[in-house]
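Here's a structure for you.
Note that the chains are named A, B, C and D in the order they appear, and that numbering of residues resets to 1 at the start of each chain.
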Amino acid sequence: MKKLMNAASGYVDEVLEGLVLAHPRLKLGGSAKRVVCRSEGVRKGKVGIVSGGGSGHLPLFTGYVGRGMIDTCSIGNVFEGPNIDSCIEAIKLADGGAGVLRLYGNYGGDRMNFDMAGEFLEGEIETTTVLGTDDIASASPEESAKRRGVAGIIYAYKIAGARAEEGADLAAVTQTARQAVAATRTIGLALSPCQVPGAAKPTFEIAADEFEMGMGIHGEPGLWRSKMKPADEIVEDMITRLLTERPAGHGGRVSILVNSLGATPLEELLILYRHAFRKLKEAGLAIVQPLVGHYATSMEMAGASISLCFLDSELERLLAAPSDSPFWEVK
Amino acid sequence: MKKLMNAASGYVDEVLEGLVLAHPRLKLGGSAKRVVCRSEGVRKGKVGIVSGGGSGHLPLFTGYVGRGMIDTCSIGNVFEGPNIDSCIEAIKLADGGAGVLRLYGNYGGDRMNFDMAGEFLEGEIETTTVLGTDDIASASPEESAKRRGVAGIIYAYKIAGARAEEGADLAAVTQTARQAVAATRTIGLALSPCQVPGAAKPTFEIAADEFEMGMGIHGEPGLWRSKMKPADEIVEDMITRLLTERPAGHGGRVSILVNSLGATPLEELLILYRHAFRKLKEAGLAIVQPLVGHYATSMEMAGASISLCFLDSELERLLAAPSDSPFWEVK
Amino acid sequence: MAGISIATLENAVKIVNASMTTLEAELNAADSKLGDGDTGVMLARVLGKFGETDISGSDDLGSAFQTLARAAASATGSSLGTLFATALLTIGKATKGRETAEWSELSALLQAALDAMIQRGGASVGDKTVLDALDAVVKATAGLNAAALIAAEASKAANTTLDAFRDKPCKIGRARMFAEKSMGIDDPGMLGFVRLVDALASKH
Amino acid sequence: MAGISIATLENAVKIVNASMTTLEAELNAADSKLGDGDTGVMLARVLGKFGETDISGSDDLGSAFQTLARAAASATGSSLGTLFATALLTIGKATKGRETAEWSELSALLQAALDAMIQRGGASVGDKTVLDALDAVVKATAGLNAAALIAAEASKAANTTLDAFRDKPCKIGRARMFAEKSMGIDDPGMLGFVRLVDALASKH
């Protein structure tokens, strides 16, 4: 796989440098410059929200640093968790004196590092944790706490970020983030792999006429492989799976995110969206603030994910609140 | 190449349906629903701006329909010009009684169809034409009027759109559009091809370790092929080519667009941007409103283009004016 | 010889459509060399649309041509397709109100179409496009009356022109940039025209 | 036998680094089967970082271990890397202020590391991870004094454990989802640990 890059060793740092040059609202922090922060800093007295994760998923996670979203983000190497130092630094940089919510995807490395960072800062900064666990393909409903976090985490960023911005305290922001995660489900599929910079081979192999349902964003195996099918059939299956886990008593308003894993173009996302829209309507659901585009990728992997965020009036209100992150602005 | 699609014959129409469902500010018009318009319509007395072109370049062209940008857009099949009917309808739908500027890329089919559409409407709607000709690889500077229009046309949309929005007449809007085109240069490179839906083969072939400089957005041959090189070297070459054609007496402020042709991820664009930023700084240029992302693609083609818009104070003012198109908002 | 009637036109549509089974890939391949590789797929779509268009009930020959012109124009917005529509529209205007046209008029009708295509596309004879083969056919068929002879001469002229232009540089459109590369390569539009003329001629 | 000193540690770093030339690809391949295929590249980077880290001037054995722990923690944020850092940090704390540790203490030091890794990662012995091979080494080396015997027993226990777990299902992390698929496949973290133990043991 061809990449427009320089040496693999500089990949992540050059990307981050480019990111903050292109988006002056962001700046780099931390001893190794592996923390992305808001240039304006965190308002005193506001609850901070920190996220973090491996590189290779732009605009996740760093692109959602902004007012009304997350405050800082620690960045690891490609597909690796952020290291302890950057987690410590990111928590400190998110601190406005009212405590910091650690809000990130449920991956082993990320958890260990954020946990250790929190322990280091005990007594200094109050922290709470909410893990993104939206990938329904990664564990059964009974084990939903073990699910991986994928694209749907941006709903938690948006909703918890708005709650923090309006001045809620750490317990309330944490509670809201937990509700947002609990309301969000994602299912993804992959058509072709990506390659970690410097790696000798792509992350996985898949036949030229096959796709894999439920594959993870690092190429972790999914539920099943199949020959290519018409998009509408694929969407039908995805929406059915997502709706099977519709939270009990949900009132009928959802936001939907149709997300490219990288190489899949907007044209195809819109074809998916078109049918998803119909299926949701058929199911009696009204769509609020749909998102269709590149929101959480795996570099040049081809494929797409669909996330649903089952809204109540409070979540819907927070989703609609203003935010100014570079990759998700709401006015 | 795998695509998430249904039958090839419905590709374009399904994409357009998805587009307007996802973006309620847009709606479809015309007898064959091959015109994208602003849902709110065109303000009476405002000069209309119509564009158009083949499908397969999202978010170009339709994604830039909005207040302060273009008013309507006629859409052809993938990589084909829009047909005469849709051009006629798009012009009519852009008409607010003050005349309509036809602003689109310099391709044979598009020209013939827009010309014929204009002739059909003679006496009914006053029209002018400005052609996007930003691709410096497609003809020598002496023949710059023969150049193809590529990603850089969005600068003309933005700048002429702002001028129309502030109430300028058709002659003035046309003049501004011409200035924007004259101020804009683009050079692109491709790493891998795309495939037209339903086609048996990709649009071109290129070795696994090669890239092509100057390739067109439909796969038209470029200037040269080479083995892969470090990104910084490639950027150096691109910026040098663009600056060679810096307009005489230009004052030193530029906007830059680093654009993915589709499959190339944001990570790589930011690596390109990082070095482009340095080179422009070295050349004494200040960067205004940089854009890095997917702005004009060729479906799943891998590669990138860099556009520079050499600003004067008037162009810069118009570039900064508000716009609300789905894929380029300015507040 | 009954001259050119709506039935002639219907029959021609069948013949050219049949020839597309092999021609589509050939033209795509020719266009791939320096263009975007879609000449064949576009032409197949346009001719297919003709096949679906019922012209049997047209008021006259002219409106049958114009119906086909509209079909071509609605099926594509590509250069060649739009030029094709332009040609049909022009011939339609010239045969408006008539049941048939004489074979002896064909050359003049094609000349009118050629003029309109030059006007619309801005290219000239000699630029290595579809225009050159059409121009050759116009000249070769001038003054002829018999359909069979016209068919034979048209086919000969078209092929001679294709051969004659092969090693010349292309002067318009995308291939212009690659004038040198274009030598030795057939222009896809011209090739398409020649192949369709051959297909039509072989049925006479 | 001089026991475990900073020099022992420096030598061990050299040995494990040398083994990575072939091990990197083997571990990536093992992790590719059900994980994200990066175990080898991550381990190579961590061990490479050790190689660049000068511990010769460390105050004592404990701070040498802690320096390596920090090096591991700064080189990666992956699960295995962070667990590795946790283990080194724990052993570093236990040997703080000392010049050497006895080989007879090794089992207890590794037990402390294992406890910390369980605490940090939330997995248990039996889940088919690096922990199982470590646990086996702890048990096999308990009560032994001689480095050479420890090396031999550790290697034997590690390999026996690798073989014993091969056909068991994985119970944690990504591979958990594929419990059935994971049968017959080595856990990459365990495999890496076993190979490094082998490399170290073979030098005794």
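Annotations
We adopt the following convention: a residue touches a chain if its C-beta (ideal position, glycine included) is under 8 Å from a C-beta of that chain, and two chains touch if they have at least 3 such contacts.
Remember, it's a predicted structure, so these values are computed and weren't measured experimentally.
The chains that touch chain A as well as chain B do not exist here; no chain meets both. Among the other chains, D has the CA centre that is most remote from the centre of chain C. Annotation: 32 Å between the Cα-based centres of chain B and chain C.
For the pair chain C and chain D, the distance between C-alpha centroids works out to 75 Å. Inter-chain centre distance (chain A to chain C, centres taken as mean C-alpha positions): 55 Å. In chain B, no position touches at least two other chains. Across the assembly, chain C contributes no residue that touches 2 or more other chains.
Viewed as a contact network, the protein chains form an open path, each link joining two chains that touch. A complete list of chain pairs in contact reads A-B, A-D, B-C.
The part of chain D that touches chain A in the complex is made up of residues 25, 28, 32, 34-38, 41-42, 73-83, 85-86, 120-121, 172-174, 176-178, 181. Against chain B, in their complex, chain A makes its touches with residues 2-7, 11, 14-19, 21-22, 55-56, 58-59, 63, 191-192, 208-209, 211, 228, 230-232, 234, 258, 262-274, 277, 290, 292-294, 297, 299-300, 302, 304, 329, 331.
Here chain A touches chain D in the complex through residues 32, 54, 76-77, 79-87, 107-110, 112-113, 115-116, 137-139, 146, 148, 196, 198-201, 203-204, 216, 218-221, going by the rule given at the top.
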